[in-house]
Structure formats: C-alpha cells, structure tokens
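Pasting a structure here, questions to come.
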Amino acid sequence: MIEKVLIANRGEIALRVIRTCKRLGIKTVAVYSDEDYDSMHVKQASEAYHIGEAAPAKSYLNQEKILETILSSGADAIHPGYGFLSENSDFANTCEKNNINFIGPSAKSMDLCGDKMQCKSAMLKAKVPTVPGSPGLVKDVEEALKIANDIDYPVMLKSIYGGGGRGIRIVTNDKELREGFETVTSESISAVGKSAIIVEKFLEKTRHIEYQMCRDKHGNAVHIFERECSIQRRNQKLIEQTPSPVVDQETRDRVGELVVKASEAVDYTNLGTAEFLRADNGEFYFIEINARLQVEHPISEMVSGLDFVKLQLDIANGEPLPFKQKDLKMKGYAIECRINAEDTFLDFAPSTGPVPDVTIPAGPSVRCDTYLYPGCTVSPFYDSLMAKLVTWGQTFEESRTRMLAALNDFYIQGVETSIPLYKTILNSDEYKNGDLSTDFLKRYGMIDKLAEDLKKEKVEKSEAVIAAAIVHSEYFKNRIQNDSSSSSNWKYKLD
Amino acid sequence: MDYKIPDIKKSFDGKIVKNLGNNDYIIKINDNEHNLKIIRMNSGGIEFILDQKYHKAKYLEQSTNEMNIVIDNVPIIINRHSHFDEVVYKHSGGAGTGNAQLSLKSQIPGKVVSISVAEGDSVRKGDVVCTLESMKMQVSVKAHKDGVVKSIKIKETASVAKGDPIADIE
Amino acid sequence: MIEKVLIANRGEIALRVIRTCKRLGIKTVAVYSDEDYDSMHVKQASEAYHIGEAAPAKSYLNQEKILETILSSGADAIHPGYGFLSENSDFANTCEKNNINFIGPSAKSMDLCGDKMQCKSAMLKAKVPTVPGSPGLVKDVEEALKIANDIDYPVMLKSIYGGGGRGIRIVTNDKELREGFETVTSESISAVGKSAIIVEKFLEKTRHIEYQMCRDKHGNAVHIFERECSIQRRNQKLIEQTPSPVVDQETRDRVGELVVKASEAVDYTNLGTAEFLRADNGEFYFIEINARLQVEHPISEMVSGLDFVKLQLDIANGEPLPFKQKDLKMKGYAIECRINAEDTFLDFAPSTGPVPDVTIPAGPSVRCDTYLYPGCTVSPFYDSLMAKLVTWGQTFEESRTRMLAALNDFYIQGVETSIPLYKTILNSDEYKNGDLSTDFLKRYGMIDKLAEDLKKEKVEKSEAVIAAAIVHSEYFKNRIQNDSSSSSNWKYKLD
Amino acid sequence: MDYKIPDIKKSFDGKIVKNLGNNDYIIKINDNEHNLKIIRMNSGGIEFILDQKYHKAKYLEQSTNEMNIVIDNVPIIINRHSHFDEVVYKHSGGAGTGNAQLSLKSQIPGKVVSISVAEGDSVRKGDVVCTLESMKMQVSVKAHKDGVVKSIKIKETASVAKGDPIADIE
C-alpha cells in the first residue's frame, strides 16, 4: 500500500495530486527548484525538498537527484504528473529497479507507446484503425504512388526528419506526387542531411477526439468515455469538452471497444489516453497514446464522478478495478479551458512575471485547478499553463454559461492570459453549434472576433472607467490645491 | 478634465458636479449627470456604485497624462490632460511673484522617487528638483525661484508629508 | 418570462440566486440596508438599491419599501430567499395583486403551511402520518388519558402557549399524566395567563429527515430525495447530508410518495421542504412544511445534478416540470456544514465584527456559498450563517474526507466560527457510522471532544508556532540592538 | 527567550543558533536543533519551511509579553519573557550614567500609538514618554534622564524612523 508519494512535478498538477493524497491520508513529498521555493506545491505538501536550479534539466528532469530524494524522504511511490519525466521510460525503469512504485504504466509499455512506428503496427495488429497510409517508410516513389492510389488522394508526403511545416507536401494526383516526392526529399536532406518519407491520407476539417483508457494490473480494462479537444493553437489544446458533440452512444461504445483493444495491444496499465483523429466523414483513426494523466482529465472526472488520482493510486497498489464498463455512466457535460499566460495577439507568445493580484472563480460545478495566488510569479522556465478552469452542467448550455460566468470572474493581474479569447470562443455560434475542428481558430477568424469583442467591452465600460478616473483626478487635484481641513470632504484617506 | 480612451473616438469631459455628503456625489460625463456613491477608496483602487450599478476599479501605474485602470476586471488605458505638475508648481509658490521664501515645500504627501539636483547646484525657477509619487502618480516638484540649492531635506524612497521642506534654495 | 428579479434578501442566499440569474442572462436587483452597502450581494447584482436602516424591520422586512423598489427598478419577479419575507403570506399576496411574480408558493398555500394546526389536519386527511397524539387541543384530562393509552406511553403534554421548556412534561403512565396535566396547566397559566394542552407521543433519539418537494403550476409533483439534518444545536441545523444513512431506496420511495401527497394536500407550488421526524424504530412522522428554498438545498443539487434556482424560475414562469419521478436518480453523497459566526464554548453565542482576512476552500466537488471576503464585516443585525460549505463524493467516505480537507483550508480571521466543532464531529466514529440524532452533540459529548482536539492541535503545532515566535522576537531584538548596517543579516524588511 | 503556550505544560526555550545565509537558519527549541528557511516575512506574518515542512504564520496583535499567532490556520497565544522595554530603554541611553544628551531618540522605527507627557512636564528618568508600535508590538519609550520636557517632536499616529528625536528633555 502506498503511504508516501513523491510528486516529481510542480504547478497545478502537483497540487492536483497532493489534494487527493491529503484526503486519503497519504503523505506527499514535493520537490522544488530555485525558482519554486515560493510555489504553491511546496506549501501544500507534507514535506518539500529542494532539488536544484531553475532550468528543468537541473531540477525536475534530474533523475539522480529525484531518485535520491525519493530514497532520503522515505517515499514508497512516485507520481510523475504530466510533462517532465512522466513519459520517460528510463526513469520508470529506474524506479522499478529500486522498488519504487511508479504511478503509471510499466517502463516496457511506456517504451512501446513512445515509439510511434512500433505503436502503430501494434494497433494495426490489434485491428485498431490508424490514419491510412504506408505502414512505415516508403522505399521509393513507386511505392508511394501505389499507396496513394490505394487510399485515394489527397495524400500527405512527410519526411519523418522534418518538422515545423518543412518536409511536408499535400498532393492530389500522381503528377503532383512525383514532383512532391522529390521536393520533400531534397528539403529534408538540405535541412537535416537525411530523408525518410511516409505517405498518409490527408484529412481535412479533422477533430481531435481522445479516450480515457483505464487498465489494472490484472488485465481488466475499460474506457472512461471520450473528450473532444479540437480547439487548439499550434497543435496544443486550448479548450476540451465531453461528451463530444459528434459522438453518440453507439459511436462511444464502438470506438470505446477499440480503445480497450488498444490498451491491451500495448499491455498498458494505469490511466492513459488514446488519441484519435476524427475525419469529417465520421471515421476515427488512432494517432497515439499519452502514457500519463492528461491535463484535461478533470472533465472526465466530472462526467464520471471518479477521482482519477485515487484510481491511479488504487491501480498502482495492484487493486482490481472496482467497476466494469457497464457500471460507468456518463452524466452531464463538462468543459475545460486551459488558462495560459500568453499574448493571443502576439501569436500566443508566453507572458511571464509577477502576479500581484488574482481572483479565482468559484461556484456550483465550477472547479479551478491552479497554482496562482496573489503575489506569486509566473516563471519563464516552465510551461504557460496557469490554471485549468472546468465547469459542469446537466446540459451543454449549462456547462457553457457556467464557464462564461467563471471566465468573467477570473482576474489575473500582471500577465496576459488566454481568458479573453475563450470568452469570444464560448460566445460564438460556431462553438455553440459544436462545429469544431483543429483549425477552428483560423477557420472562423476567432482572433479578429476577439479584437472586436475587446473594443466593444471598452465601450461598455467607458462611463464606469471615466467615473473612476474622475474621482482619482479630482481627489488628487483637491489634495494639491486645498489645505488639509477642506480635504475632509473626502472621507477616504489615500496614501 | 478631458479623458480619451484609445480605440474609442469620442473624448470624455468629466467632473464632479456636487458633493451630496455621505460619500454620494453627482458627476457629469459629457452632457449626462450620474449618481456616484463611493464605497471604498485608496490609492490602489476604488469601489463605487454608479447609477445603481456597482463597479470596482484598480489604479495601476499612473503618470500625470496616462492612467492604467482595471475596471471590473477589464484593463483600460486612459489619457488625460491633467496639468498636475503646473498646479503643484503654482502652489509651491513658483507661479507667484516676489516670493522670497527659503524652503521649497511639498504640496502633496508622497514618496520620493528621484532627486534631480545636488547641494550646491544652481537652479532656475521652474527646474525640476525632485519627483514624488502619490496615489500611484508621479509628479514633478519644480524650483519656486532662482538660486543655489543650500540643502536637500529629503532622501530617495523616503516619504514626505504635505508641507514638509524639500530643499532650501537661496 | 421572468427577465429581471429583485432579490429581497442579503448574504449568501442573495448571492446564490444572483449566480444562477447571471448565467441565464436574467437581470438582478439587489436591495441593501445601511449596514450592507459594502456587502457582496450589492457588488454582484446588476443593480443595487438602498432600502433603509440596518434593523431588518426598517429594511429587509419593510414591505412597502421593497414593493416600491420592485416597481421603480422594473423587476418583474421577486425571489425572497429564506428568512425575512420568504414565508410572509401577506407579502406574497401583495406581490400577486401587483402582478409581480413571487418565486414561491401562492399566498394561499403559504398561509396553510404556516398554520401548524391546519396543516396537520390537511396531512391527516391526505393520510400523511404526523406525530401520534391529539388531533388538536384536548378538552380535559380524561381525553388526554384516552389518547395516551391509544398511542402508548411515554407521551408529552404540551401547552401551545408554553415555550422554552416551560409548559412541557413527559409522562410514562396514567398517574404521572394526571399530575402532569395539572402542573402544565398551572405553569402555563402562571406564565402567560392561559393554557391549552395537546398530547403527543414522546419520541426518543429521533432523526430530523426532510424531503425536497417540487411541484409545478400544472400539478405535476415529484420529490427530490431526502436530507438528513439531525446534527443540530438549539433546534437549528448545523450539518446536513444526503442520502440519509437510514434511508434505503424502498424507504425513499415510500416516504417520497407521502411527500408528493403532502404537496398536493396544501396545493403547494415551486420548491419547498417537507420535514419529518424519524423515530428510532424507523417510523416517519410529518412535522411541517418550509415554504421556501432551504439553506441546505445545495446537497440535493449535488446528488440530483439540478440547479434549484433555475428550477424555481422555470416553475414560476409556468413551465411544466421537465422530468418525472422516475427520471430523477440520486448520484453519490453530499454533506453541508453551516459555517456560523459563533462561539461553540459560549453556548453558541454569536460572534460578530470585521473579518480582515479569509481563505475560502475550493477544489473538485467542493462548493462554498459565502458572502465573506477579506475586509468584510459580520454584522450583528443579521443571522450568523457566513457560509455553506458543501462537498460531494462518489461514496460517503469521499464526501466526508473532502469536507474535512475543505474545513482545514477554511480560515476566517476576526470572528469565532463553528469550523473546529465540525472537524471534531466529522472525525468522530459516531458520525462516520451514521449514528445520528437531534441530540447528537450532547449524546456524544462533542463539545468536550472539541476541547480535547483543540489542545492536541496546539501540541502538534507547538514547534512551528514557537519557531514563528522566535523569528519575530529575534528580529525585533536585532532591530533594537543593532545599527542598520548589521541588520542586513535580515533580508526581509519589516515595517 | 522563553515561551509558554497556555494549556501546554512544558515551556519552550528558543533561539536562533546560526545564520547560514540565503535565508536559512538553524534554530534551537529546547534541546533540538531545526532547519528553518524563511520564504517571506513582514510585520504581518511569516512563511517558512521548518525541517522540510512549510508553515504560514500570521502575527496578530502583539504586546511585549503576549503574542497572538495564527499558525497554519490555528490560532495560538504565546506568552514570552522578552524584556524589550528594558532593552529599548537601555539603548536610548537610559541605563547609561552621566548621559547628558538633550534628545530622547527612538531606537526603533514605528508608529506613535500614544504620548504620555506634555511639553513643560517634569519627568524622571525611566518615566514612559510615549508608546510606539513596531512589528505589531507595542513598546514603551522611557525618559533617558530627569528633566523637563522642552519640546515633543512626534505626533500621535505619525511614523518615526530609527534615530528620530522623540522629545527634548532638559
């Protein structure tokens, strides 16, 4: 039985883990870098150990130091959170060797999930559909042509050494493919000195829909429904919701069965996520497994009523799942907004610095997981996620309006945030109608809409803000012009 | 006083028209009068009810011409034409004639942000002697006459009260 | 359709109503007394009107002024909250006459619920069991004897003019009854000049269990499960929970059917509460109807997933209930602690004054409805309820441990609170085992246990608090003794 | 310094043993040494890590002998034997001999809570001249010699810096 967990992470996810442990009477060990001595996870844990400098490589990624801290603190388990060491199979392996309960899949399973090619072929073997295309690298243009004609154009040629848009070409016929093959090869060689091409069906207006996987050490597996995470920027999720507006019960069950197969195919244990692309025609294609607790897990907690961290601990303790698939019922609707420290108008550039004041939203069916407190600092060393704001409703409309009210209540002074963008999105007809896709922001010009909304807001608030300015100015004028006796008109003393 | 909000074309002429007592005021913005009740106020912000509607404003950094206000969680920058420096100057005796007083005195309580002169410096009437911060605003204090700075009575980051001597100028 | 609601109340219940209205796009009108210009409900409403002096009679109970404000603000409906005018049938009547939608039952139904004798006979007619005893006043000792032998001893003799323990006697046989009848009569006469006696079965170790009633204007009625509110002091509820540990599904359904009958018997519309005593032998006896939204409604919201204020608005709008009894499923467990400003050790005497600092608990499945904010004041003019702290769990244990964690996080500076008592109660075996009764505090010596717990807590914290004291003292000593240069040992500047 | 917590029998002898720099200290409570790292501190409270465990304390009203501290949300009253008044007295020159200085100066920065003498009053060495509040503690400032209060240099509610004159006593 796990009695003391070291949390090899920081920020809101460390707090999330601490909260459940606290409730269960399990001791928690926080670790912190030079940058984090004043962070919330240090304050909330049963114990806190300093592990190094601000740069992640010198602290949160420092495997030896973390292992040393596990051993010296007497922790019997480690929770990796997400990011940092969470999907590092070397580290998982080290923990296994040292008899430390790593709360997550086995190192072996993690390895398999991490190797995209190997994982894909495991899925094909298990008859879990992946994006149509070459099973691996294509050896020449003729093979590429054959595959393209098998899966139908348009297809995407992609050098696995490319990245950032380089070494990728979408082609719509044989002629374009022949040309494209050469271009991609030469682009990739000129950029990184080598080329290895795969062919994949090009899908338009896709949705990102993922499933919560859950499998115990005895091989009992369930899925805990889907999450739609189509609203993204630069391939990073911004807003997630469950249920997906395009997943009905039949689809949920059907794809859910594939998810169970997928978890078996890689011998996955504990909680994980199977990510799918959903084409506009309704087909689901497996993309990859995230071998850890996901940022957006709270929306699944809300509709399932489960505490996922408790579930992780129970599975890590070797307990069999306390439910079967049929026992799991989805209840209501949940939305999560990732509150990032970033400037929407500067191409989502990170915005960091001190936060002198913050107001955290609350209320029925509102949950805000955050490390923010008045006087804290958003560090440039770590990722920009400051808070996960989650709301639940009996209907989608209820969860949406609750989220809007909560976003309005959320105030973070000192850094730019994604809050205004989310208000614009949640108020848009496209969002209300569930017309989602991974290019949602561009497709519907959300950033321009945001600019308009901000202008409208200024106009709405103009009288009030002028009133505030008048009082400030008049009081100040009064302070200069009059002697102290006549300034007693002003009840309030200003320093 | 005149106010401008960037992105909004019209400008706002605003003032307090009447003090009704009990923290109730009538203010006028352009041609319309409004009731304003101050609930709470300090240099960091104000809470008030404007025509039956509550608002909360935070005063962030302010200069004499630009105000940075967060109203009901919405950040807005306002430009204003205040002439506060001149008013301070006038009241410190600078605008008067034949004022022979030795001490340049502070007309406002505030914190000394910077001192622009050293003892022994010659100054001309109107030269900036120091900058004070008061109510999150920075205001220049200017010499009230020509002369030599005989002694400086303040220190940077120190607080001064209204009427405190800033410097002796002979 | 209701578009603008005046909330004739203050404190957390006004905020509760505002929150739902905001989400639904319904405008809200707050009213406030001299004491409340700085209160949270003023800040959160769309509009706020001053209505008079601090004393309730001069403001929140001032019917004319409130009516005037409804009319001048253009509100089309009024929500009375609880307390104040919420069960005042005159005021409901005035609203009806002025075509203002009073969100609650009709004045006529409210009248009937308010008259205990009339209400009891309506229940008897509808075959809803009430506490066995005389149907009304007994005319002489012989009638009392007959009834006592019908319902079995022990019985309670009660003068309806008594109160505060006077004019009440518990008797166990005919002889005692004869003597008691005389004593009660003379006590009552000597105290108030008249006597009128009723006979009731004396029930020991009773539980207070109530049901949420819900009936629309078309006569569709359901119950939304029970709440157990047995933990009380001076007949006022402190902790409520649902489900009750002694109500199984069969009982829930059976008593629930009686509740539907009860709501029909008094032609009740909107949400209300039917209160029962549950005898130790499992029998339920109707006591009274609370013709309003109840303080403890959030626990029922949590297990039903419903928003009761929305439901109230929909019913007031004349909409038929969107569900039938069979659609309502109870999910999980919820507990509410009423956080009162009171001193447990001074016989729960109110504790009022400024609250310079407050920390509101939050987290998954934690809800805190409160008017507190740092710098607010707990007024002596109004009731002592500062916050309703509510937690949900998939199991009772989960809701209990979440509540304990939330109570630990709750900090209110400046006034005494009931928080420490609740920690003691929730940690007790008696509470964990569901061994509840209206005399719970006395029966299990909870106040003595609290005193012990506080002492233990002090011992646990002693080293930490001494450390804090040492730093304070040493810094101060240093400040006196040393010149400024050597005090640079101290990085932190203290004013 | 000695500390007592009502309801707890044993008393606590506590002191800072060593300053390790970087806000790390070793303190000793009775016979045990502890590591203490100060995260944040001001007159209202302190956040610190004591032997790997974070704590947050608020300093509420303090007198020289009684401290009212909320530690991790738990309010605790502590009695201490501090002798701060005497230390202040000594450092203001009161305990010295033949000190002929005119000005009674403040040995601590603080806010003037009350003034116990008027100009023209005769005072004896050791008489309380005023009470200052510093770090939420009230400390008496006592006359450093016999004499007549010639002038009082402070006002109630005003702040004084360390070394500021409080009164001239001749």
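Per-chain numbering from 1; labels A, B, C and D assigned in written order.
The rule is simple: a residue touches a chain if its C-beta (ideal position, glycine included) is under 8 Å from a C-beta of that chain, and two chains touch if they have at least 3 such contacts.
Given the structure is predicted, the values throughout are model-derived calculations rather than measurements.
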B-C compared against A-B, more contacting pairs: A-B
Chain separated most widely from chain C, comparing mean CA positions: B
Interchain centroid distance [CA atoms averaged], chain A/chain C, Å: 40
Euclidean distance of C-alpha centroids - chain B vs chain C, Å: 51
Geometric centre distance via CA averages, chain B-chain A, whole Å: 47
Geometric centre distance via CA averages, chain D-chain B, whole Å: 37
Sites on chain A at which at least two other chains make contact: none
Chain D: positions in contact with at least two other chains: 40, 53
Chain B partner contacts - residues on chain A that touch it in the complex: 357, 359, 408-411, 413, 455, 457-459, 461-477, 479-481, 484, 489, 491-495
Chain B contact footprint on chain C (complex, rising order): 37-38, 42-49, 73
Residue ranges of chain B touching chain C (in the complex, touch as defined): 37, 39-40, 47, 49, 52-54, 56
Chain A - residues contacting chain C, complex: 19, 22-25, 298, 301, 305-307, 331-332, 360, 362-365, 367-369, 394, 398, 401-402, 404-405
Chain C-facing residues of chain D, complex: 1, 3, 5, 7-8, 12, 14-16, 19, 23, 25, 27, 29, 34, 36, 38, 40-43, 46, 48, 50, 53, 55, 57-60, 62, 67, 69-74, 76, 78, 80, 82, 84, 87-88, 91, 107-109, 134-135, 137, 162
